[in-house]
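A, B, C and D are the chain letters, set down in written order, and residue numbers restart from 1 in every chain.
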Amino acid sequence: MIFIGSNAAEAHPISMQHILHAKEVNNAPIIVVDPRFTKLAAKASEFVRIRPGSDCAFIMGLINEIIQKGWEDKEFIRTRVAGYPEMAEIATKYTPEEVENITGIPAAQTRKVAKILATNRPTSLTWCMGGTQHSIGSSITRAFCILQLVLGNMGKSGGGTNIFRGHDNVQGATDMCVLSHTLPGYYGLSDGSWKHWCRVWDVDYDYITSRFKEKKWMNAKGFTLSRWYEGVLGEEKIEQYTPIKAMIQWGCGSNSNSQYNRVVQAYNKLDLFVIVDPFPTMAAATCTTDNVYLLPCSSQYETSGSVTSTSRQIQWRHKIVDPIGGCRDDYSIMKDLVERLGFADKFYKNIKETPEDITREINKGTLTIGYNGQTPERIKKHMENWHTFDIETLQAKGGPCDGDYYGMPWPCWTDTHPGTPILYDVSKPVAEGGLPFRNRFGQETTYVMSGREENQLASKGVCNPGSEVKGGYAEFKDVVPGTNWKTDLSQKTIKEAIARGMAPFGNARARCVVWTFPDQVPIHREPLHSPRPDLIEKYPTYEDKPNHFRVFTRYKSEQNPNLVKEFPYVLTTGRMVEHMGGGAETRSNKYLSELQPEMYAEINPVLGNNLGLRDGEMIWIESPEGGKVKVKAFFTERVDDKTIFMPYHFGGTLMGESLAGNYPAGHEPYVMGDAANVCTNYGYDIVTQIQATKDGLCKVSRA
Amino acid sequence: MKKLILPGCILFWAMAGLAIAQSQGQLLTSFGPGPSTAAFHEINGLFTGDWQQYGQLFTSLQANIFSQIFLLVVTVVPLIFFLHYIIIGPMKFSHEGRQIYYFNLLSRCIHWCAAISFALLVITGLLTIFGSLVGGGVLLRSGRTVHLISAVTFSGSALFMLFIWAKDMIIAPYDFLWMLKIGGYLSKENKTVPAGRFNAGQKSWFWLATLGGTVMAVTGYFLYSFQGNTDTLRLSAIIHNFLGAAMVTVFIIHLYMSLFAIKGAIRSMISGYKPEAELKILHPRFKI
Amino acid sequence: MAQRKIRNSSSVGTKTSRVTLNPKVARRSFLKLSAATAALTGAAMTTRMTAKAATPAAAKAAYPDSKMVRSVCTHCAVGCGINAEVRNGVWVRQEVAQDHPVSRGGYCCKGASAIDMVTSEKRLKNPMKRVNGKWQKISWDQAMSEVAAKLTAIRENDGPDALHLNGSAKVSTEMAYLQRKFAAFWGSNNVDHQARI
Amino acid sequence: MGRMKFLCDIERCIDCSGCVVACKEGHHIPVGVNRRRVITINQGKPGEKSISVSCMHCADAPCIAVCPTDAIYQRDDGIVLVSKDTCIGCGYCFMACPFGAPQFPSGQVFGARGAMDKCTFCAGGPEETFSVKEQKLYGQNRIAEGKVPLCAAMCATKALLAGDADEVADVYRERVFKRGSGTNAWGWDKAYKKK
């Protein structure tokens, strides 16, 4: 098992049960790649200390080493991987010595890790925010996947890429695409997608179009959570006809946003700010204007609905008690709002029983990821009979759910399909949870880099057992004329595919080259604020991007080799086990507050002593953008002497000033501290615009 | 004074030495070869490290020895005096003759203040030591509160006593002579013993009550407030108990002297007057 | 010597009268302990968990007439099962979900205090609005009508894209779906949630 | 009847404090009183190990030996309990305990310590089982319900074992056996002088 940028022991403690099981019973080596010696690293057999933001170089180095030694899974690559030679060509640049130069990992250790990976197959690769929150986050995550492809670990029990997700339902909310660039089920924003969802919602496409300012805004990606405030402040050039004037923050802690001091400025400029949350979040305390409404929604234990865990298992969260006090559950707040805004009849056209009818509507429309089989009845049946599931395979043995996998991980193509516990596993029939790679990007491609032409479908002979076509095939369409498997609401297409033993989305190759991304093959690029100015020339960042989710985003113009002289230390953030997210919930819990009562910054004793600091002393940490936090110095060897770590759960204090008085009286959290994200640096991923909180720069001084 | 402190110290160090030696021996036998991981030893050391220093000593002392010592104190000491009373009998002095004004009102008030609070301290302290016989609970919890209030009161009065009597309590060479004669109490005849305003016995009692009382107050403060590390607490408890035993012993002696050994001695602390006859024998150096 | 002393006095402490101080406790616990031991092994060994879970029947004794509700922890994406014991509409205690196939009864400190999400004194109980810098309690009706009126005004003056909705990964999948659907019906793509960060 | 024991598997404990909070939340323990704690050594260095500690329910308990009021007693199954009605809060048990198990919430009079509170192995106290008084003073009585102590039942990684000493030992022996040889084996570093 290899963990990169993941601290499962703190962020996902229960997963450790299974991780340690693998370590103890299967004698699986645990490799932890992290800038910090985390609690997970304490359980690891190999700890690799990496410079923040250089993960891509390390992984490409591993790939190179594996290929050089001939340890790659040649058969897997021949039959199921596309764009391999182009990728391998680029990987050769990352020799172990070059990797050592970029990442700080000794060349011998890179070689050792490559050997461990090659000799312990299948390997499971896990990453978290440590892998994604970089300006090259999308390249880093792709590099992870390519490593697994090269090793042939995809679609295997014990292999694959397992991203441990943060919030309890971040998978479910992502599947429903509460995202500015796509409609539920990852349909995107094209006209076809809108038309598909209008059919599901049973409303006229023209009605939805009329709701928008102009039709072009329907297809344009919106602002994101990480940079919406630019739309309010107007300091960067925005690509929208109006600035943002109103904000509804529904169950979002807000102090997890980087450059939080600018977010606060935006709060104070809003004409309307509605916060729907069980606790007053830090947002309520930071803004001082009058147009703020706090709507107390109930906690999730006081309402019901389905939740999707990180392993795509869908569980039904039953209501335990009625909403307390004057709280209302989310559904009734939404219904009230929609009724008052006057489109309730259309909005709730097919939704009578909440939330079950909503689940049914999701089942009806979300065909892309096979969300059709997870009916509310089946999910509840799984919850009632959770004891019948085998703990090794998570498949029910007998009982009412016989043969189902727990929580019916999507795709669950029909209401009798057991769910797909392992994606892209060709050893099982599709009807029993097997799956080939999806055919999504055409069938023939000519690579720009090499001029080579390649068929994107899987090779002959590679298919799920019982498949009618023995080999690669394209996605299903025109079973019902004019539709494909994604848009056929009658689901006849999907059923026919399953009946023929085939996956509705085709059987193709996984690609190493993504021709729509700025970097077709993942390459290392220095963070915007790099502590290694000598590497900037060799590994420069991207060109500036004018319309990146409606806002101008600086890359090249932000990268300044001289910055490190004034801000010499790398700032990285992370979680601790006692708190969650922005911490509004957990800092309002007296027992958890007792366990972690103070905000701190981890500093290596060597660095601390060189700076003349004392353990337990208050210090200022300042970012190049002018954000600064006053925190307690905590000397520990968890971090190296160039890195400073802060947990990001704290809030209630802004730049050293307590905001306790700004909370509604009696509702301020038990513990308050400076929000680490005031200090996190500018920097956003080139594709997804995820904020780069893990590889910024800072300076430290005594308070 | 030395008579009591010295054996006390010897007893204390003998006990401590014995217990430490025992603890070392026990360590070898009870843990044996044990699990071998270094981390286990480290964690084990983390918990039991400081315990092995004084914790074990405290535990073994508190388990039986303290209560046995106090049992001895409250049974054997009165028994000895009982025998003394029967065999030798009390000293009798004529109360007819000239009465000397010996204790002024202030000193009498302070004395009784100290006496009552000290009696309460002894009673509640003994109650706590033999708590299992009483059954604990509300009675002893109030006992602890009384112990606290009495301790504060006694500390105050002892301080006052120190001011008003310290001059008369300075140890003089003839006190050793008094000590050798054990104040003449072993003789049935009333022979003159060397003593000034206060005899060596009273001086011992005085210094034990004031200086020992200070130590008791400090250790008691630690035990009550739980300030300081665990070893400080353990040492405090050990000192508090041993010194307490000594003070209870002397307290009983003092009680016997005033109530039984010298007939009518207590009257002087009530009225302030002592008969001249008594003074001539017991406090010959006192200038009338 | 020290060792012997301790042992002596501990046997004094373990007077039988103490153990049977309350005969009812002693008898009941001794009878039930065999069951406990079985369950204990379950807790101890993951592979034996499901077979030897404590029976709900035994739990009835502590909270008669209570019912068990199965739910899911709201803190991280592992999806640990929660067994909530509810009596008369009050969540009286959090019971161990030993037979949950993923968590097998395990909780971290956040999950173990799930009940606190409902009972915390810091929870908001009424809608609030800031008036002249001070928080004021208002009714739901007032809050919702004011919010709706202001939203409508902003929509008419500045267009639908003047609203940004930050949704959540803490709500149920159904609610998340409604949030996205709301944005679509409102007429804007300015909607996002924590998956972006 | 065996003796009830806790055993914390330090190879598994990840310092998540689940046991601590499970205990507090389950028994409604005031803030500041820790019936159970997690201790980490070598923090941030290779060889970092954590262990969860509470009352160990010693066979030969020093606290019982030193208690002046005999408020602490041991049941036949080895569980060491305290009668809060008898306890006077003198603190001697705290000084005698090698594990720092006894805890003292502040009492009413002059800030004196209240009655001692410590891990009950989820076995309540001497009051009537499931009575309101027992619940209030000692928390749940899970042993009487036939259930495992909360901390062990809710342990995230099943590091904390609780139960009959023989069975706990069996489970642990089985684990050590499964860990086999190499870096995961218990005592390997010691036996072969390498890390």
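Rule of thumb we're sticking to: a contact is a pair of C-beta atoms (placed from the backbone, for glycine too) under 8 Å apart; a residue touches a chain by one contact, two chains touch by 3 or more.
On a predicted model such as this, the values are computed, not experimentally measured, just so you know.
J.: Compute the shortest path length in steps from subunit C to subunit D over the network of touching chains.
T.: Graph distance in the chain contact network comes out at 1.
J.: More contacting C-beta pairs: A-C or A-D?
T.: A-C
J.: Measuring centre to centre, with centres taken as mean CA positions, what chain is farthest from subunit A?
T.: B
J.: Using mean C-alpha positions as chain centres, tell me how far subunit A is from subunit D in Å, no decimals.
T.: 39
J.: Whole-Å distance, subunit A centre to subunit C centre, using C-alpha means?
T.: 24
J.: Report the inter-chain centroid distance for subunit A and subunit B in whole angstrom, where each centroid is the mean of the CA atoms.
T.: Distance between chain centres, rounded to whole Å: 73 Å.
J.: So the centre of each chain is just the mean of its C-alpha atoms; given that, what is the distance between subunit B and subunit C in Å?
T.: Averaging C-alpha atoms per chain gives centres 58 Å apart.
J.: Can you pull out the residues of subunit B that are in contact with at least two other chains?
T.: 59, 63
J.: Mark out which residues of subunit C touch at least two other chains, giving numbers and ranges.
T.: 5-6, 9, 46, 104, 106-111, 113, 116 - these are the residues of subunit C that touch more than one other chain.
J.: Quick one: which residues in subunit A touch 2 or more of the other chains?
T.: In subunit A, 13-14, 17, 577-578, 590-592, 595 touch at least two other chains.
J.: Under the stated contact criterion, what part of subunit D meets subunit B in this complex?
T.: It comes out as residues 10, 39, 41-42, 47, 49, 51, 53, 62, 65-71, 83, 85-92, 94-100, 104, 107, 109-110, 112-113, 186-187, 189-191.
J.: Report the residues of subunit C in contact with subunit D in the complex, numbered from low to high.
T.: The contact residues of subunit C facing subunit D are 5-7, 9-10, 12-15, 18-19, 21-22, 24-26, 28-30, 32-33, 35-37, 39-46, 54-55, 58-59, 61-62, 93-94, 96, 98, 104-113, 115-116.
J.: For a test of understanding, state which residues of subunit B touch subunit D in their complex under the given definition.
T.: 35-40, 42-43, 46-48, 51, 55, 58-59, 62-63, 67, 128-132, 134-137, 140-141, 143-145, 148, 223-224, 226, 230, 233-234, 237
J.: For a test of understanding, state which residues of subunit D touch subunit C in their complex under the given definition.
T.: Going by the criterion above, the answer is residues 1-2, 16-22, 24-26, 60-62, 64-67, 70, 72-77, 83, 123-124, 126-130, 140-148, 150, 152-158, 161-164, 167-168, 171, 174.
J.: For the complex, give me every residue of subunit A touching subunit D.
T.: The contact residues of subunit A facing subunit D are 9-10, 13-14, 16-17, 20, 23-25, 27, 37, 39-40, 42-43, 45, 47, 577-578, 590-592, 594-595, 636-639.
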